[in-house]
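One structure is given below, represented as structure tokens, and several questions about it will come after.
Think of it as A, B, C, D, E, F, G and H in the order they're written, each chain with its own count starting at 1.
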């Protein structure tokens, strides 16, 4: 059995924040442009209607069996409600990435708070681009999906007129993430990876 | 297991000759007024539409399992087509009763040919009463269902305005049958009752 | 009504009944404007007055069983066929 | 339009918004003939000109979320409530 | 104008094995069948290009008798099957024959939708005002107050005006005829089949066996006379009062409008899609 | 004439747990719900004697919110359930709310038959011209040429005129309103509910989320304005030419006739049957 | 009640069905005609008005099933009757009745399928459909009749089980049983046990419409009785309102099953004949069990220790009774007028016994002779 | 054909279904929207016109199924897609397709039932219904998908089997597979085997539309091709005309079954993983087989000799493959997102092995951890 390297991400936020689009773009970047195996799923139905939105991506070096998140390596929370609702299944080695402006309480010390919405509004003039800023940061933090791949994926999934804005947002978010020292995050206490399946 | 005495009748004729009504009346006489167990079935659907009509009655001293005819004790054939089509399952001890006017060839020597239609037309002035004339004869030949019971059954199943005619026909048919010597019929050659189930 | 047939003395029609298909519904008999048919014992049409037929076709197009054919026949064949 | 409110100086109405139910659809704001409401940052109505309200009820019966109540208030309570 | 049936019988019917047909003596279904083949002959249509589809009911037996591409679908659904056939092969001329129950009880929805979509089909509805095949239960067209095996106390439901419903639902061509007016029926059927778009021909027909018998009209002749008396041409009806029309019905063409039909329109979509 | 909604909210809604409701901001369903409870209040009906039944769709969520006997049936079948309820307990006032798809696509047959039978029910059809709940597929009322998730190339089907269909099918009371004309809607609903026999109130309503968004009407306000402009009262329409009416629709009462309804008639049968 | 009870009558199966339904308290029928079930509708249309009931012929079977559910929600015991094609159309609404726990009875007078098939010939092709015809997980009760007498008694049981368990009950008849006339004595109304749904004993404010209880069957309040509540085909919480919470969904679906499991002993009806010392057995149901009975008798008369287990309840499958037969007999014959449906269930619960199929799919009743021959060969 | 084949794409299951159908030659879609299957219709409405195909949204699922049959009769490969409630409504016409032997494919994207259930949650509750949902005796082919890739390849197989055996093929998907996006490389059109129905090789005068042959699958002439014949849902003789003659009826129904039986080896698709030396096994299908695969891998990593038999074909039930597993393993676990449907089939064909159920009915996918825990306990 080939050793599989599985990396799991969850994105959460409010309906309308573009959470699912971000996940699809990430999956496309990982799956099509980086050549990973990838599974992308999302909340559906009333949950999606109710104002909350969740999407998951599993990327792997081998064919993916179980398509959903078992333990998050990366959790992107775009607001407090989503953070509270979806932070179960957080891996002890995982990293939480959250919008600094919309999140106040974090359940782990392995958290990076970046002001995506503020960046989008102030640097790009459109708060709606926050999802793309976050996506840029996700690329950096996860370290598996390059900015170039993300750009290509944006180009194929976003209407032409928003493309440039979104790509600028990607870069701005990535830049913000790069200024953080991931190594400085507190180490996880004990690995319970063994317990997981 | 109580010894069951099972007696099986089949009536066959053309659509419109009142075959099924005759069978229902016979079943009612046997089942309601004579207290037999009784099962009455009939052809249904396209067969019934196609111009031929068939009805069966099983009467028994015990509860009836199989509801259809296994071997006919009495076969009433009101025309040649029906006689040809339905004479399978004739028991070697059985008796064939047929309308002399409408039947030319009989497949057994144990046959009684009586002119039901002629009786009905000539004595009663309505050929349509032939079925009742035949029914009267059936009662006599089978020996298990009295004329009184048949009369009662006619009364409950036939519209008031036809009742009298039908009862007269019953009597006429019974009378014709009584004039026959059943004992004079050739005996059956060998009983295959054992083979039946 | 029957008088009308006379109006077209030059044309004659044959009425062919296909008894195997006829079901004795009586439509042709009842509605023929020229009273060409009369019923037999079974109720099937018998061509009683062939020459009164005007070839109107009513019987043919109303026979539910495709059992009647009306055809024009050459004058010399009058009466031969039915 | 806003002038019309003045026509019924004797009657005053309160406009109560139930913000928990309001979904900021903008109907009340757009259609109030007296321009009583203006939108807040979230797009929910803020009662801007309570005294112009004629109590026509348009906003109340068109609010899809049962989030507005218009009530007549006794003259002495004018302006107290909203 | 009227083609006789004699020789057409050989050209269009599966006459060698299937006759006499299963219908009762005098049943209007046979008259409609005759009218149908005359209309088709008049239009000069090829048997190979013709589809006759039906649902379940006495009328549903009709396709067995014609030598076309024939289909005996499920009860009430013939129009849906026909829709698939027509869209898959628009060159076929697709005719559907249905009973009143088939078309307007269980199949009522498909009926109004086919009309609405204006699919190029011809629907012949044989309205005998009863469920013939299953034994005389009342149908959506059984007259108020009349009797049926499930209306033993007299029918308290009101009948659909089939043709009028088709007009409202959007059919391109709508007509009503009767089996008494067989020559006119030929014309209505031919016009309906020729029409591009959804055509409906409602045919008042006799089921004396199941309907007539329970309603003082025991035979075909009586029922045909009844149609003769009750039918009023559309033109004449326009000049009659409501009272005069009570208990009567109109015959003739109720609607004949031109509008794009589904297959034409879809072809345009295909072209646009190919260009993209 | 118009009752305000404020206090009725407490009297008639399951306000304590179910709100805010699931509908999108500005969805017309909420406006119709308000109108409905005002109409009911005006008629002074008891909650215990009221049934609100619905099918599946956004509109189908309505029964959850009212404190009556409520039913959320299967898609398109609410009228059949309601028929059973009404016949079993004629004393109940039975109201059915349906979407355009629910009532006229999958449920079209039950709709025309309930109208035909003239069962004493009140059918409210919220016509938002789209399948809202399932994501904007075209419905039988989606305008010709407009866009939907299954009409990406532009809709080539023609819309049903719901109210007119109800008239032809035999409904006793038929009206059309819009969510913009909410006060009028109160009247139409109250009259429909009060009417003995089958009543239909078609309500033009906004689904900007699924319909508007794809057809240049992104929000509730735009759509309500649209209704305001397109709606023409029945009276005015009678004086307008066909061209003037193009793209517009009538509002008001389209039919209001008196005829015996099913439960009344059935009661008579019961009496006759008992006497035999 | 039924004015005909207590008398000796010559009735067809379809007629006895009607008398049984009326005796069980059925006061509503909605349906759509179909051979060979139409007589049930016709007779109901004749009989119901006099007893204050209601008959309506709907536009199709979907509508018939919908109206039946509606009437039951309004508190009236309701029936529909159909055959294969109509039964297929009823499946969606039947699922609603399962989900919303609406008692009602559906008679399916089986004819030969698939599709229009042979509309006037008998078959047993709809057994598995009766259990599995609607989508999603759902339990359902399926009973089968074999005599005219059964038609009366079994439909009474069907109504009782429907009411007691708040579940649709399907009664499978067939063309033979439906159209056979037999002399039967309908029981005195007083002798018939009639069970009605449990209605709430608490005041309306306390009523929780789908609250679990020891039986797993919540009390049912009818519309208009003051117990206003919400009825839905969506998965719902104990108050009847839609829920998606996994624990509530799970509890809901499991309760649907448990209420039936709880009742196994009273629901699973079988009729063992000459089984005491049987070494070979026939397991049969419907009209075929009559042929089987005769064949078994014949075998007995030949000294063969044959027995019959007639299944009246087909679902929940009477596993216990069947297992006992399987444990006792070295071989078991399952004659069916289909390609083998109940035999699959018998095999499923089988551990060791040899099970032999006997199928007939030509629209003809399996004869005693066939079964007997097969028994001899065993 | 499908312009997207050959590329690496990120697709949802429902999207891959569409690409697969187009690649298999499907040129007609008729249906009615329903969650979670609607995307199939939406994409078909977008894609079909450009390839000369036709999309139509019908008034309901009954009509959708009817139109699909009609289009197939006219010679065009046809598809519909639905979910539970719609699938229930399709049953009657599905039976027609069985009886008249009309090839077509029906996708059922399963959601939680019964009734409206949970329209946006996955389940596996329609397995038995797929086999038994329509009335009367009929065989049918049922396939299940578990990945986006499957959606493409299995629907191609579905069309091929439908065409080859003249039978409707049902593809069961579920909400998870339908809405999961995976990166897939669609095969080159040239690499895809596409099978078309056998058309008559004889001239029209010689054509006997339902004549038996070695495969039991008569050649099929489409409407308008000159081979005029009669198509009916009534039981018919070899010429297609209704018959009631018992021997013809019998021959007809048995041929329907035999044609499928004949093809068992090619129809019954399974995917055994790590089964060579397995001592315990999981038998699973659909999305659950992905959880099972992970659990089995995990067990292996712990030295447990576990294996997985993934069922792709659910019907005709792949008895041989299952029997082999049962013979080899001391215990077999059957995890299902229903109360136990396929486990009944496994039990049916079982002789000795202990079979353990694992069910989940709350609308949530069974997790690997659950299965793993269960495996450990075995």
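Following the convention adopted for this analysis, a contact is a pair of C-beta atoms (placed from the backbone, for glycine too) under 8 Å apart; a residue touches a chain by one contact, two chains touch by 3 or more.
Because the structure is predicted, anything quoted here is derived from the model rather than measured.
Trainee: Based on which chains touch which, give the shortest step count from chain F to chain H.
Mentor: 1
Trainee: Return the chains shared as contacts by chain D and chain F, ordered by label.
Mentor: Correct list: empty, since no chain touches both.
Trainee: Weigh E-G against E-H on C-beta contact pairs and write down the one with more.
Mentor: E-H
Trainee: When the centre of a chain is set as the mean of its C-alpha atoms, what distance in Å lies between chain A and chain D?
Mentor: Computed from C-alpha means, the inter-chain centre distance equals 43 Å.
Trainee: How many angstrom lie between the centres of chain C and chain G, each centre taken as the mean Cα position?
Mentor: Here chain C and chain G have centroids separated by 59 Å.
Trainee: Measuring centre to centre with CA averages, how many angstrom lie between chain B and chain G?
Mentor: Taking the average C-alpha coordinate of chain B and of chain G, the gap between them is 36 Å.
Trainee: Rounded to a whole Å, what is the gap between the Cα centroids of chain C and chain E?
Mentor: That gives a centre separation of 28 Å.
Trainee: Scan chain E for residues touching two or more other chains and write them down.
Mentor: Residue numbers touching two or more other chains: 72, 74, 105-106, 108-109, 113, 140, 153, 262, 266, 269, 272-273.
Trainee: Which parts of chain C, given as residue numbers and ranges, touch two or more other chains?
Mentor: none
Trainee: Out of chain G, which residues touch more than one other chain, so two or more?
Mentor: 35, 49, 59-60, 62, 85, 92, 96, 115-116, 118-121, 232-234, 244
Trainee: Sort out for me which residues of chain F touch chain E in the complex.
Mentor: So the residues of chain F in touch with chain E come to 105-109, 112-113, 116-118, 140, 153-154, 156-161, 164-165, 167-170, 259-260, 262, 265-266, 268-269, 272-273.
Trainee: So in the complex, which bits of chain H are touching chain A?
Mentor: Within the complex, chain H touches chain A at residues 8-10, 35-36, 118-121, 175-176, 179-183, 287, 290-291, 293-295, 297-298, 300-301, 365, 367-369, 372.
Trainee: Mind pulling up the chain F residues that touch chain H in the complex?
Mentor: On the chain F side, the touching residues are 56, 72, 74-76, 105-106, 108, 131, 133-135, 137-138, 140, 149-153.
Trainee: What residues on chain D touch chain F, complex-wise?
Mentor: My answer: residues 20-21, 23-27, 30-31, 57-58, 60-66, 69-71.
Trainee: Sort out for me which residues of chain F touch chain D in the complex.
Mentor: 2, 4-6, 9, 13, 15, 19-21, 23-31, 33-35, 38, 179-180, 182-183, 186, 219-221, 224
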